[in-house]
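Chain naming follows the written order as A, B, C and D, and within any one chain the residues start at number 1.
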Amino acid sequence: LGDENGGGGGDQVAIISSDAGFGDNAFNDNALEGLEEAADEFDLEVTQVEETETAEFAARQEDLAEDGSYDLIVMVGYQHYEGLAEHSETYPDQYWMLINDHVEGADNVSGWIEMNNEMSFLAGVAAATLTQEEIEHDDSATDPDEAVVGFAGGEDIDLINAFEESYIEGVEWVDDGVDVLTGYGGSFSDSEALNDVATSQFDDGADIVWHAAAAAGAGAFAAAQDNDRFAMGVDSDQSVADDQYADVILGSAIKALDEATYQVTEAVVEDDWDSVSGEQNLSIEEEEGIDFVVGQEFEGELPDSLEENIEEAKEAYVAGEVDLTCGPTGC
Amino acid sequence: MSLATGASRRRLRLGGLALLAAVALAAVLVVQFDVPLERILTVGFLNRTLMLASPIALAAVGGLYAEKSGVFNIGLEGFMIFGAITAAATLSLVGASSQLHVWLAIVVAVGVSLVLTAGYAVLLIRYKADQIVAGLAVWFIGLGFAPFLASLLWGTVRSPGLASMNRYSVPYLSELPVVGSILFNQSPLVVLTLAVVIAAWVVLYRTRYGYWVQAAGENPTALDTAGIDVNRVRYATVLFSGAMAGLGGAVLLAHAGTFIGTGDTMVDGRGWIAIVAYLFGNYNPIGAALAALLFGGLEGLQVQFQTVDIAVSGRLMGLLPYVGVIVVLTVWGKTRMPSSVGEPYESEE
Amino acid sequence: MSDDPGRTREALDRVAARLLDASVYERVGIAVGSTGLALLIGLVVVAAAGHNPLLFAQQLVVGSVGSTGAFTRTLRFTTLFILAGVAVAVAFRAGVFNIGVQGQLVVGGIACVLSILWLAPFVPNGPVGGAGLTLVGLFAAVVAGGLYAALPGVLKAYYGANEIITTIMLNFIAIGIVGWAVDGPLRPDDARSVRTEYLPEGVGLPSLVFSDPNFSILGLGLALAVVGVVAVGMTRTSFGYDMVTSGYQASAATFSGVDPQRTIVATMTLSGMVAGLVGAVFAIMIQGYFIDPSGIGTYGFDAIAVSLLAANNPVGVVPASLLFGALESSGSHVQIHSDVPVQLIDGIVGIVVLFVAAPELFRMLAKRTGLGGEKR
Amino acid sequence: MTADAPPAVRLEEITKTFGDVVANDAVDFRLERESIHALLGENGSGKTTLMNVLYGLYEQDAGTIHVDGEPRSFDSPQDAMAAGIGMIHQHFQLVEPMTVLQNVVLGHEPIDGGLVDEDAAREEIEALCNRYGFDVDDHLETPVEELDLGTRQRVEIVKSLYRGADTLILDEPTAVLTPQEVEGLLDLLEELRASGRSLIFISHKLEEVLAAADRITVLRDGHAVDTVAAADTSRQELARMMVGREVSFERPAREAVPGEPVLETEELSIVGDRGLERVSEIDLTVRAHEILGIAGVQGNGQTELIEALTGHRVPDEGRVHLRGEEITDVGRRQRLEAGIAAIPEDRNAEGLVQEYDLVKNALLGNQTVPPYANDGWLDWSAVETHAEEIIEEFDVHPPDPTARAGSLSGGNQQKFIVGREIGHDPDVLIAAHPTRGVDVGSLEFIHDRLLELREEGLGIVLISSKLDELRALADRIVVMYEGAFIDEVDPIETSDAELGLLMAGQRLEEEAERETGDRSTLGETRPEPDAEATVDRRSGGDRER
């Protein structure tokens, strides 16, 4: 595959962003990272297509497929589904990777469902555990006497509501008595609005806020710094990506999207498509598909209860003892 | 205030009534639904309202100067975007993160805004560009070039986390209840805003430059025949408006600590709200600042409601300020606009 | 209208002559100058950013007309820009600044989709039913867009609320509410994405001439027909004269018997009706359902630029839309084939608008360079 | 006047052109010290231009300016002011929302510690006012927009004096004043002259010029025709110099007798925009073959009355009838179609679309009237023919239907409007100030046409601030004061003085008391200024550029 378009050194792969665009230090960037790693490894060229109008997703897919020079087209976000359902048929020889959904019966599509609900659940477990512990780092500290945590969402949409609900269920799984304050900044780009949400929650007693607000999430980190409290990251290890805030990022609930894009690219290069074809899951059950990682400045500093609770939660989940209300992209 | 006309007094009275009604309604709701007021109206809330209001108030004060002098600077939103991206780029390029560097970034942002506004002012004043169209263009250019610049600098439309402005804290005084936190444990930028607003009021109503600004917008010929160069006055106010909008954008960034260029960018409509704020404030800097405070308060209040879990659909609640603007414009719509706004002035030779 | 063809012809000639007086050349000159200068600045920026400006220019061309696919894509955008541009031009011509075309197109689009979905169960399947539903959808969009625009019209006419601000606010509101509805109550259970139900089979504009499923020459035809109707309406009817005269000088229009308030409302309504049509064409021709409106291109805003470039002349909107359609279309190509951040194109569009706003600049330039003769 | 002292101002061979137009062509002008010098001339003869050159607003193409014998060149009004020259423009240069005090000091503010020292300014202005007996200092804290026109003019004069003017230029200062106010102004001018100042004033009103000025210079087509002593000349001679031919001031004989009533009102009352009653219980009747004159000081409800007649405003009480049919609630458009034509008060803002050519302007008001419009469709060729007819019949210059309306001079604009409004056989014509700012030649023409129309059977309502116009045209004159018709007089029997008193609200029997009254209280006995008139002036295009 792809041998015939020999131009420009190596083969080509393309990635189309979700409507949040690249630069979110989370979802999109995470997927891109894995792709770029694979590109380095296998001498590929990556074409990034940032498309923030969902209405144009189908057209971008078609542009790339029509071009014919891409061995793999990666699409970030379930909003790509409608277009892909069509194009996977119109371009049967094109390999596609869809993140966050899969296309039934299309074996040229590798559809990766990331269990955002599970990820949020773990975030909730971590937050509920840590708020009751005494943690001090630089200027920041928790208040172990009060058990209040926060959730700061970007846009108030179904997708993020699922994050919120699952997070709350994670908190409750640890301890019913922990209060969860929630709020939305109303935008994935207005970091000042998210800062306001998080600060309001810190004011009201929260000592840890987890955000699900893409780029605007930086506002929550800044708020934690200003209020001498803590925050947690989403999607990837944000204490690395956003190291300016590493001193307040206790940890991040992650999904191994980079692993996934790497793996699919590898399969394409090694002509092993079948191994990734069809529905794939990024979940707790898969090895490290969904996890909670400790922030880089907090490694070894956090109480053992965290790891214990996370491990316990994962086991309980795998054992089917946890019943989440919401699915990965909505309730 | 010798300049308070009958109309603005009437409006004050109307506004007072409306406020009273709102307070009464709120009181009923609080009692009826057992709202945890003490968790909503916190000192932190007041503080954040001030922070949210500052960028809006700055841009509004700038905008009202320009309009008072006869130039409708509808490009405030665009200049705020430029202010924010410039401050972010500066911080990122100098690479250091002390408070001094944050100040430096703000100064650079104001400087760059001034330069950009200078070009804009020449188009408006010398080349008599259509003010509404040119202002919209500035917004478009901001929406295009800010993310473009971000992409060039950081590879994505978003900056990494940058230094942000810390609050200063005056020992002992900051321990005072309420006042302590609002005055003595505050972002210096809020104080700066306050100073700008007061200075703008004094200059407008108490100095000769203020007289000239007013005359330039109401009857430029009168000013011209009094021997004052109308267009020079207008250049000055337009430059000031651009600088203040840029400062507003920089303040926003200095508080937020990250530039974000997706969608409507991090400025997210604040420049438009600024225009409404000064209309609502009837072109009075203090009125405009109070209006900005009202909008900041509305935004903050909505967050407070969410925090204490009063069920509101965030997405729909988020629209309240916009609805509020329309209601405000409808009820108070007939603000006394300076007579010569939008008309280029050409002195005879 | 006179039924004597000779007289009609003569009258038309006269209208054409008046339209094509020196100032028309001047306007074309300004439009071309603005665009050229803005593109030039864009290329300088490209060069300053360390990329090859010639390559970039070539990609702009290839991306817009370099292949059938690209050309169809250009026409698809052009269709939307023409309609949205006419919506803006109608209002601006009459001195009303409708910045709310984006919101009106969203409202029109959702009304179109909902009306079709509601009526579909009562209509037989098949081409006739489909065509009927399509017409219903277009009609609903026109009505809804018109009503949504009438609101700021009423607020301006009777309450003095500045329409620039209210329409911008109404954009936010339309996008917010429709977005909420599409993500909530209107979203079918089986929908993966945030969207409404699919429009039934048979609803849509057939793909003639071009094979692109998202573009129909009928859509373009519809847009051109709207241009024709509006152009004739503005120059050849009493209502058009009332409207345009209000735009030039409201006090004189009022004295001549025009009801200024009603004209403002009528103008906004008409503008919104055309804007609603944009939403319908978007839903029917391109999407086949309705999505979260924050994901729809900013046609309503870009249309302001289109209209201005055309000096708010409905006929001029057509070439201006072609230009903007081409720029927008090339964006995709640039994304894929160039490292130049695509936001540059938005910036260039902004600069075009800025220059269009300042015709005096070009008069001055023309004078300096001795081009364009002695105008003014 | 000392014989050997140099004149206050001497202009030598001043030439000023605008493109092809020679506005001033080698004009010589000499203003003696302590004298009042009038400038007279048709519209566009170059009076304002000449004064603008003197005031530093324009730079002359050729020629020199001498002030007090010294050659001077002024780059800006500031230079002129520094040389002691002040100018009061035809359209007041006041900033309406600012107070009188702020207006007076604008550009010359006394400063104390960086702020404007309003106290110092107040003292100085009060001193000035006391010296000349101005009442302006009573209003120092009042926004100008709340003042009547006469007071505004005094503010303008105080402004110039405050700036140290020795030579005052007044451009058409009497155009907006009542006869009593005119009298007051002229007395004031004499007082200023007596205090050592030199004055130039521009007017179209020959009587005034003859009454007030020591010398008169007449301009025609940019040339200074002649300078004469007021004592040695006459109205006839001045008019001939201005126009270049004999002008008749005779009132033509009336032939037709008034016929059936065409337009009537019954107890018409209007509450104005500010909640004050502007028109109260007016009964008005206009017959065919009749011109009804309405006299009154601006702001006594004429504007509202006109609006109620033309259909721009629905009265709060009372009825309007056209040929016996009630039309009270009928809007402007239907009234137009029913035969009520109107010449607007403000031709720049209401009469013409400045950016349109004359063809498009010929359609204004006719856009639903056949043959120009049929079922909503326009017939441009009919409109064009109409435009050509107007141009021809009314001698509009330039005779080019594609000329932009805004490029026509005021008189020609007015002729075009009159032509258009009577172009489609109306039954009634509401003519508001039909010759405002129009030169003698055009004025004569418009007057003749109005009289002809009366012969043809039109009923005409003539609203004018010029008494001679009313007396020359009207068959009856009603005087409007504070919204009511306080009297009806015969134009031939009644003197200007009597009319003027009526307009000031004094019935004739009160005259004796009035005689002893103090002039400076005149402004206060005036009604409130008309809010709308204020707005119109602001939004209108007739502001001096």
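Here is the rule we use: contacts are C-beta pairs under 8 Å (C-beta built on N, C-alpha and C of every residue); 3 or more make two chains touch, one makes a residue touch a chain.
Bear in mind that the values here come from a model prediction, so they are computed numbers and not experimental data.
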item	value
Those chains which touch chain D and also touch chain C	B
Comparison of B-C and A-C by number of C-beta pairs in contact, larger one	B-C
Mean-CA-position distance for chain C and chain B (Å)	31
Separation of chain A from chain B, taking each centre as the mean of its C-alpha atoms, in whole Å	35
Centre-to-centre distance between chain D and chain A (centres being mean Cα positions), rounded to whole Å	75
Numbers and ranges of chain B residues touching at least 2 other chains	157, 261, 263, 313, 315, 318
For chain D, residues contacting two or more additional chains	539
Overlap residues in chain A, where contacts from two or more other chains coincide	50, 52, 157
Pairwise chain contacts, counting only pairs that touch as defined	A-B, A-C, B-C, B-D, C-D
Chain B to chain C touching residues, read off their complex	74, 123, 126-130, 132-134, 136-145, 147-148, 151-152, 157, 261, 263, 269, 272, 275-276, 279, 313, 315-316, 318-319, 322-323, 325-326, 329-331, 333-334
Interface residues, chain B side, partner chain D - complex	2-3, 5, 202, 206-208, 211-212, 214-215, 218-219, 221-228, 336, 339, 346-349
Chain A-touching residues of chain B, taken from the complex the two chains share	39, 42, 44-45, 48, 51-52, 97, 150, 154-158, 160-164, 166-167, 252, 255-258, 260-266, 268, 299-300, 303-304, 306-309, 313-315, 318
Sites on chain A touched by chain C in the complex	14, 19, 47-56, 58-60, 62-64, 66-67, 78-79, 81-82, 101, 157-158, 329
Interfacial residue positions of chain C with respect to chain B in the complex	45, 49, 97, 99, 155, 159-162, 164-166, 168-170, 172-173, 176-177, 179-180, 183, 294, 301, 304-305, 308, 341, 343-351, 353-354, 356-358, 360-361, 364
